[in-house]
Every structure is written in C-alpha cells, then in structure tokens.
Amino acid sequence: MENVKSLTEHLWFEVPQRRGFLNITETVEELVRKSAIKEGLCLVNAMHITASVYINDAENGLLHDYEVWLEKLAPHEPTSQYRHNGTGEDNADAHLKRQIMGREVVVAITKGQLDLGPWEQIYYGEFDGKRRKRVLVKIIGE
Amino acid sequence: MENVKSLTEHLWFEVPQRRGFLNITETVEELVRKSAIKEGLCLVNAMHITASVYINDAENGLLHDYEVWLEKLAPHEPTSQYRHNGTGEDNADAHLKRQIMGREVVVAITKGQLDLGPWEQIYYGEFDGKRRKRVLVKIIGE
Amino acid sequence: MENVKSLTEHLWFEVPQRRGFLNITETVEELVRKSAIKEGLCLVNAMHITASVYINDAENGLLHDYEVWLEKLAPHEPTSQYRHNGTGEDNADAHLKRQIMGREVVVAITKGQLDLGPWEQIYYGEFDGKRRKRVLVKIIGE
C-alpha cells in the first residue's frame, strides 16, 4: 500500500486506408512497465470520435468479419443517407461504427502487468483513416 | 504523488421527449475542478438502464443520424415484438439501444483537466424519457 | 484520504448452453465488502473474447429479447458466412455479439458499497459456452 502513481502517454497512428485494425497490446504493456505501477487500472481510449479501442482476438479472419459486419450495420454508402455528411464530411458511418466497437477499454494491472485473459488483445480500430490520430493511455495505481 | 482523493456527484435530468441527447461536458469539467484532483480517472455513468453516457460529436446532424440508426437497429414499434413489454412496460427497445450506445465513459484527468481529444464531448443519451433520471460522476486520483 | 488499496479476484463460470446470462451482482458486492475499500472504482470484465460483462435489468423477458436481438444482428448460422470460422471455430458470431454487449463495466464504490442505480444489475453474458471461463474483478481505491 503506497501513494498514488500515474502515467500519461499519447500514442499517434496514421492508418493509410479508410478503415483498419492495429494490435497495440505490446505498446500498452511497455507503458505499464515504464509506469512501475504494480496494482492499478489502465485506461486506453481513442481521442478521436471516428475510431475505437477494443479488446478481441488477433485473428485476421475475424478482423475481416468485423469489417463486413460493421459495413452491414452502418454502411458508408450512400453517404447522402446521413445528415451529418451535409456538413461536408463523408464519415457519419464511422461515428456509428465506433459506437458498436466502443471508445475505450479499462484493463486491470496486477503484479506489474496487464491482467489479460489468454486471447485478449488490445486493438485500435480506425473507421476514418488517412489522417494522424491519437490514443490516450492513462495508468493509475500504486 | 499524494494520497487518494475522490469526489462523488449525482446529476439529475428529465428529458421531456421519449428520446434525446444532452451535452454534459461542461458540467463534468466543473466537477473535475471542484474535486481538485490533478491526475486520475473520471467515471461518468447512467444510473438507469434505458439511458447511456457516451462520447462523440456535438453536431446536430449526427444526433439525428443516431436517432434514425438506433430506431433501425432496435425499433420501438411494434412494442409487442418484445417479451419485456409483456411486463406492462413499452421500453424494451430502450434497453437495447442503450447497449449499442453504452452505459459509461471513463475519462483521464491530466493536470487537473479532462484529457479529451479535440472533438470529444460527453453526452447523456435518453431512450425512455419523461421521467427524472440520474447520472453518476465519480472522480478518483491525487 | 488514505493510501491506495486494491483487490483482485477471478470468478469462474461454465454456462451449460451455447448462450446464457448470469446475474453476478451479489458476488461483486461481496468482493467490495471483502476489499474494505470505501471510495473507489470496481472494474468487472470478461477475460474471454466471446463473453460480456454488462449492466442492465434482471428481467427474464428482457434476457429473451437480448437473445433474439443479438441473433438478428449477428446470426450464428450459417457459420460459413464468417471467415473466422475457417479456422475450425464456429463462434465468430459470439465475437460480434460480445462487441454489442461490451467487455466490461466500471462501477463506482461509495461509502463501501457499489454505487448502483435502482435497477442496475451486473450480468455475465455468455455467447460461446460449454467451457470454463473467467471474469476479473479489480477494485482500487481507499
């Protein structure tokens, strides 16, 4: 039982396509080590509202299935179906897809490590790419 | 590095229509200032199970798109399609819509402020309004 | 204002059907008491990527409605529609359903108790059962 410690880092990504998935688990694990926090919580969130941070499987077939499924639930085309695109954007579907996949994950830190299940991997999901975007990692504990 | 501090506040809302969206970012920011917490985490969650707290864009076209999209994924009518409504309620769709939009957000506090991206705004999403409901803000850190 | 305390527990479940919902609120409340933490945050997350922890109503009609709705949004059959199932699995739909329902909840602890709204109940949602799986409860505070 010690005093509160914290660490704040902003990660930058630029996905070259409109949509894509990046496995960021190792990067977050390195930040947990850097923080020297033994027991605590690790928040990882997209700082942009057309992107997600989520936890699921590192399996290429599943990433393809997510792409097809999200496009079915919230199609990009026709872009005129969304009032948001009347602002000059064409990314309304990305704001919807991100709600399905979520903004953030909170992961426990136990004995100095991310307390993840056997298949849990932390992903950045991009739904409106071709621009630089940030993810925030905030670690708090003792 | 100091001892743990916390702040707990319950916000009350009454949306006059069945559904609506309220931007609560400034209210949460004021509570962060009041807490005097410099580094920590801020949980904001709906305390009712037919409402959401989520983060996305403060743009009226998008709010309209959410309304249309959620009604497509989980339609209110016919209310008889949901077994839950057999209890005398007509809000089963609201329980479903809230799962899409989420219950809560966790936001980092850095240097005494909400560490939000440039377009991130905290919203209360109401899917079964016309009654008083609460949102919980819990801040913890140092 | 005291030093940081934490508690870590892993709960095990085996749902005998492919899908099912378990109310775990009382178990989590007991762990909060055991932690002796008065003010803090309680993270409850599925450690498996075909299961969810979410908060909603303890009402059997609604649980039936979730089952029907999730099967409509992300059907199990035909299993060949998902590339992930080419790996020999038949659970791609479960990875999708879990994104709708979420991985985790973060609940405030106030005066030594879960700070839940009147109808909020913590549920484990299983979408690929018949095997032993874990939920992590991590409590941090003072």
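Every chain is named by a letter (A, B and C) in the order it is written, and numbering of its residues begins at 1.
Quick note on the criterion: a contact is a pair of C-beta atoms (placed from the backbone, for glycine too) under 8 Å apart; a residue touches a chain by one contact, two chains touch by 3 or more.
These figures come from a predicted structure and were not determined experimentally.
Interface chain A/chain C: under half of the residue numbers present appear on both copies, so the contact uses mostly different residues.
The rotation relating chain A to chain B, fitted on Cα atoms, amounts to 120°, rounded to the nearest 5. A straight line joining the Cα centres of chain A and chain C is 19 Å long.
Within chain B, the positions touching two or more other chains are listed as 3-4, 41, 73, 100, 102, 106, 140. Within the complex formed with chain A, the residues of chain B that make contact are 1-4, 39-41, 54-57, 59-62, 64-66, 69, 73, 100-102, 105-108, 110, 115-120, 140-142. Interface residues of chain C, counted against chain A in their complex, comprise 3-6, 8, 41, 43, 45-49, 73-74, 82-87, 92, 95-96, 98-100, 102-104, 106, 134, 136, 138, 140.
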